[in-house]
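After this come two complexes, each holding subunit A, first together with subunit B and then together with subunit C.
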Partner chain A sequence: MRHGKTRFVVGFLALPLALYVWYVVWPFAQSIGYSFTDWGGYSDEQHYIGFANYVRLFNDELIRIAFWHNVFFLITVPLITIGLALFFAFLLNVGGRGNRAGIRGVWGSGVYKIIFFFPQVLSLVLIAVMWQAIYRGDDQGLLNGLLIKTGLVDKDHPLGFVADPTPFLGVPAVLWWILFIAVWGGVGFYLVLFSAAMQAIPKDIYEAALLDGASRFTSFFRVTLPLLRDTVSIAWVYLGFIALDMYALVFVMTPSQGGPNHASEIFASVLNFTAFNSSRSGRYGYACAMGVALGIFTMILAALQLRITRRERLEF
Partner chain B sequence: MPAKPQRDPVLLSRRALLQRAALAGLIVTPAGSLLAACAGSPTSSNTTTGSKTPDNPFGVADGSKVDVIVFNGGLGDEYPKFDNTLFAAKHGKVTVNLSSTQKIKTEQQPRFSTTPADLINNSGADSMALDALINDGALADLGPLLDAPSWDDPNVKVRDTLLPGTVDDGTYNGKFYVMNYAYTVFGIWYNQVLFDKNGWTPPKTFDEFFALAPKIKAQNIAPFAFAGKYPYYMRWAIMSWIWKSGGRSAVVDIDNLKPGAWKTDGVMAALNATEKLVKDGLTLTGSATLSHTESQQAWLDGKAAFLPVGTWLENEMKSTIPAGYQMKISNFWGVSSADKAPNAVYAGSGEGWIVPKKGANSAGGMEFLRAMLSKSGAAKFASLTHSLTSTKGSGDNVTDSTALTSANGLMKSAGELVSFKFPDWYGDLDKASQNAIGELMAGRMTAATFANTMQAAADKVAGDSSIKKQTRT
Partner chain C sequence: MSTAEIERNVAAADAGPARASTDRRPKIGSPAKDSVFSGFSHAFLLVWGAMVVFPLAWVVLSAFKDDAQILKDPLSLIPNSLHWDNFGRAWGAGHIGAFFLNTVIIVGGGVFLTMLLGSMAAYVLARYDFPGNRVIYYLFLAGLTLPVYLAAVPLFVGTSKLGQVVPLLGTNSDVMLILVYVGWSLSFTIFFMHSFFRTLPQGVAEAAMVDGASHTTLFFRVMLPMARPGLISVGIFNVLGQWNQWYLPVLLMQPSGGEAKHQVISQGLIELSVNQGYKSDWSGLFAGVTMAMLPVLIVYIIFQRQVQAGLTGGITK
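Our next item is the complex of A and B:
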């Protein structure tokens, strides 16, 4: 029977695998090939130029700006999203105590879960469009309107939000406002992810901790967090990918796609401009080099992350 | 007349997308150059012709058929039906088959090398790439149309009934291939009702504007709104101001990447006026962050007195124009009485019509175009679509659109036409200028820094041997 099973599996996997190779893997390979050429993108003429595009990458001022902006997201997005998601998940699953016996979440936790998860249902572009109305830079904006009505903001100087390059803690304000949306949109998914993981932790572990007089604080850091280690680690890798992208929000929301004046430029926005708008010849090959560099960087980060957090798995 | 430069076809179309998406409310998108694959060897026209007379300058044969393909987009497909009645009145024995579609490329491209239609409205998202058609020799030269007697008056050539820029816009490699039928005018909009009520007159120069602005502010209205999120909207205004202040040569030098072109007196006068507009607090609060529709709506809501944009404005905002609002366009202001080109107007044509070289009845196609360009054909188009045509005075008899009437009037007083090419020619300068204009309009950059920034960007492009250079005169 074993032979039949193999044939069965292969039969089912062959077509999807072929499609995947043709439409995903092969274009990746092509990009790597193009990154060593001076291809302009619109003709069939290209020459092999070795690592010249990669050398150029290291001397490109705009890429350097974009790189640090991505690093900013790489640090903040996972940190804040996972922190908030863990906090909420804990409250929703084991945070409620009341005066009854047993382990449960805070009152109404089912409703909160749905509310927090809601942004996940919307596409990222839709979220960006929606937030444009919230972040609008005159008194018609949802936030500015409220702030002006309550007198917190002067009506002649409304907040610029995603059009504001003023540095805050050394990072342009526009990036902080975009970070806020990314976190708002991401927390729900990881909340549900962590909730599921928490529900898999046997209740008697908590009850034992409770009997020993552990506070919520202690039970979170001494019981919950160590048992969620694997899940958090995976979440960190996912969020790292998202932080290195961020393209949709920047492209839809910021002035001149990466502005004002390069204040929100990220790897992907520079890549897009280089590939399709730059006036230099050989732009497409150079853009491919950017993509390949970003891909390598992402893989190294993911590998490091999974390696560092790898530990003995606890069975329960 | 500047020669049409050789441009990277797809790059051009892609960039043009942003601007033309707005132009006349239509969307002209890049089309792949698939045509190259199916272009057969170009042969001469296989038209059967009748005798040529002043009333039938291309010799359309009696009993022949004319296939006309209309793009049914933002301008609709009603107007060619009227042109057909004009055509039938003159050529009763010629049959015109009008058909309308939105899939110009999908339906016409496969037919192109064998049995194309006789006249095609090549427009919309699914239009055919002009560069490919022209390079493959698939289009008929419409030069004879320009030199033919006009529909209404045999003593006037068609060429002389067209608005300035139309011939230039349709000329590629020195030949006239595309008859752009719709005409877009750019300028500064105001609400006549508001101005009448307060006894204001629209300014002609920045000096006049700065004198009027305090009176507007006293009414709790911001003098000037703009679309800060898309700085190319303000680029139309700033480049027009530069042209008017410094004259044609100021802009030509900028396009040609001439050293110091951004720092001449004419350019600085326009930039200083722009800086003052922002620094004196004459712009609508938050304008630097608004999108085009947001700023346009704020202007319609009466929050600002002036707004710079093109003549597609009425069509774009038609669902939210308040009752009793009289939108009118005025020319971009000059800077002062010392301006070198005070009557220059920024305008251009779009919505192209082409005649395939291999069509069975090219003469019929051209004759139909001649009918479209007639006075009554143009007037009908204007009254149906509230857009101007490339024929002079098309808006003369339209009474229900102050926007159209004012644009029509503006074109009558027009001197030379403003045009600038550097954003189309050099993507890097497109980006650099949008960034710098964003900073200037947000008040974070002075006129002097702006000039330095743009000069540095231009010098960088000029010194980069990997960038193909273009020139104009």
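Our next item is the complex of A and C:
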């Protein structure tokens, strides 16, 4: 029956595999190779220098700054986004009519969900360009204009936003302003995700809780939240990936793509700066070493994800 | 949770109010407490809704103002008069028009090829046993977690070098960018479609084979149509992903010397935002952002259920 199977399998796999290997696998492999060389990029000349690039990474002041900024995002982005998304999902779903068991949306919850989801379909670049106009550092930006009008900010000293390196709670202000955009853009998606997961919880579980005399709040905190644990864990990991990759916002919004004065450098911005616009020596080889380090960091995160999702799931 | 499940849930939730009147269930809480809580919910939800909509509306409305009004009174929402010329300027001089069309071509080609090649590979990997099957599948999966920056330098160097031999596959070429998009979208597409093809019944395949269908006919005529819901989800995911892509174009689509520009909309926006720094064409910038934003938002509003289910289903899979 299975005549011509080999030809079919090879025929169907050849092109996708070739494209994938040429554009994804091979560059990854090369990156690892180059990371052990002092390749500068201008000529083909390159020498094997062992782990020298990796040693240099640990002593690089810029990398150290970038690393801590990445860690800042890695902690704050998931924490705040998930917190807000859960809060809104709670309001959206538990605030509904009380005469029925189960999760029911408040009036207009469909419209809220459509609107909250808006930033998710817009590109990060578009969001960054838009917020740049909102964050303008003189009195003509939307936010400064609002703050001046309400008297919160002095007209002669408007806020600098993404051009402001002064630390707030030990972290440059520019990072907090970027964090705000990341959260603004992310909440809607996770709200919809959590809402769908809440509505997938079967009604009889709520009916049982109801018969036991649970109030709406009790059933939310004792029934809904524990059952959402898997979805929240997944969201956590995905937000972790996003937090590691805030480059679009930094690239478009901050002065000299990581400024002012390196106050908003992240791993990706240092990597690109090293590879494509700097006069650092051995820049290609060194940039590849940064890429490998970032890759290892990401792999650790992915391993974490596997551990989380492998945990036994509750099937309804 | 599968996408289909989510779609069903969303549909069930929407069907809710219609059934409410026939539903007799025990009551929780008093009506008065309910309405207080409901008002509290709406207050918070409206604030966040305003925070999302206000900046977007401000950008769209500012696109109709002239620079004088934008500078004098940035907070005003109503344009003094409708300055449609802003759009003309952004479309022509700001190259948004050319970039827009170029993006449509690239994303169209990219998504079509991604879906075709991705489902072909996923199908073979999901339903045929052959030596190396697992290895190839995991090779594709590995691409899901690695950051694109890790590959940036060799990808740029390799593409430039290939371009000296085959210009079509070198930097600043639409064909090259389409193929790069396909390569980088395959991991997720195969991961998603693999589990979808696994669930399709074996009996149908056997019946088709008995009727004399070849493997290729079986795939295109039977299996692919049955996988439609999955194709739609992953298709939406890819359209948005490739439309919003910015790093790969910035890396690979820089014209060198006198070459014509073949840039995409993200690059056009970056260019506008950099340019307005010295040209101070704020209204042109707002018009450009509006033109890049509205089509996507309109398509999203029309297909919002599929888009939401497709995107959220993509990560819980």
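Just so we're on the same page, the second predicted complex is superposed on the first by the 279 of 316 C-alpha atoms of A that agree within 3 Å, B and C clash if a C-alpha of one lies under 4 Å from a C-alpha of the other, contacts with A are read in each partner's own complex, and residues count from 1 in each chain.
To be clear about the criterion, a contact is a pair of C-beta atoms (placed from the backbone, for glycine too) under 8 Å apart; a residue touches a chain by one contact, two chains touch by 3 or more.
Since this is a predicted model, take the numbers as computed values, not measurements.
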item: Which of subunit B and subunit C A:Y112 touches, first, second, both or neither; value: second
item: Partner chain in contact with A:F273 - subunit B first, subunit C second, else both or neither; value: first
item: Partner chain in contact with A:V187 - subunit B first, subunit C second, else both or neither; value: second
item: Broader residue contact with subunit A after superposition on the shared chain, subunit B or subunit C; value: C
item: Partner chain(s) touched by A:S256 [first = subunit B, second = subunit C, both, neither]; value: first
item: Contacts of A:H47 with subunit B and subunit C, given as first, second, both or neither; value: neither
item: Contacts of A:R64 with subunit B and subunit C, given as first, second, both or neither; value: neither
item: Touched partner set for A:G137, first subunit B, second subunit C, both or neither; value: first
item: Partner chain in contact with A:F161 - subunit B first, subunit C second, else both or neither; value: first
item: Subunit B versus subunit C as contact partner of A:R222, first or second or both or neither; value: neither
item: On subunit A, the residue positions that both subunit B and subunit C contact, one per complex; value: 132, 139-141
item: List of subunit A residues in touch with subunit B within their complex; value: 40, 42, 132, 136-141, 144, 155-158, 160-163, 165, 255-256, 259-262, 273, 276-282
item: Touching residues (chain side subunit C, partner subunit A) in the complex; value: 1, 5-6, 9-10, 12-14, 16, 20, 23, 25-29, 31, 33-34, 37-38, 40-42, 44-45, 48-49, 51-53, 55-56, 58-59, 62, 70-71, 74-75, 117-118, 120-121, 123-125, 128, 130, 136, 139-140, 143-147, 149-155, 157-158, 179-180, 182-184, 186-187, 190, 209, 214-216, 219, 240, 243-247, 250, 265-266, 269-270, 272-273, 282, 285-286, 289, 292-293, 296-297, 300-301, 304, 307-309, 311-312, 315-316
item: Complex interface listing, subunit B residues touching subunit A; value: 8-11, 14-15, 228-231, 281, 284-291, 294, 298, 425-431, 434-436, 438-439, 442, 444, 461, 464, 466-468
item: Residues of subunit A defined as touching subunit C within the complex; value: 1, 4-6, 8-9, 12-13, 15-17, 19-20, 22-28, 30-31, 34, 41, 84, 87-88, 91-92, 94-101, 104-108, 110, 112-126, 129-134, 139-142, 145-146, 149, 184, 187-189, 192-193, 196-197, 199-200, 207, 210-211, 215-216, 231, 234-235, 238, 241, 244-245, 247-248, 251-252, 267-268, 271-272, 275, 284, 287-288, 290-292, 294-295, 298-299, 301-302
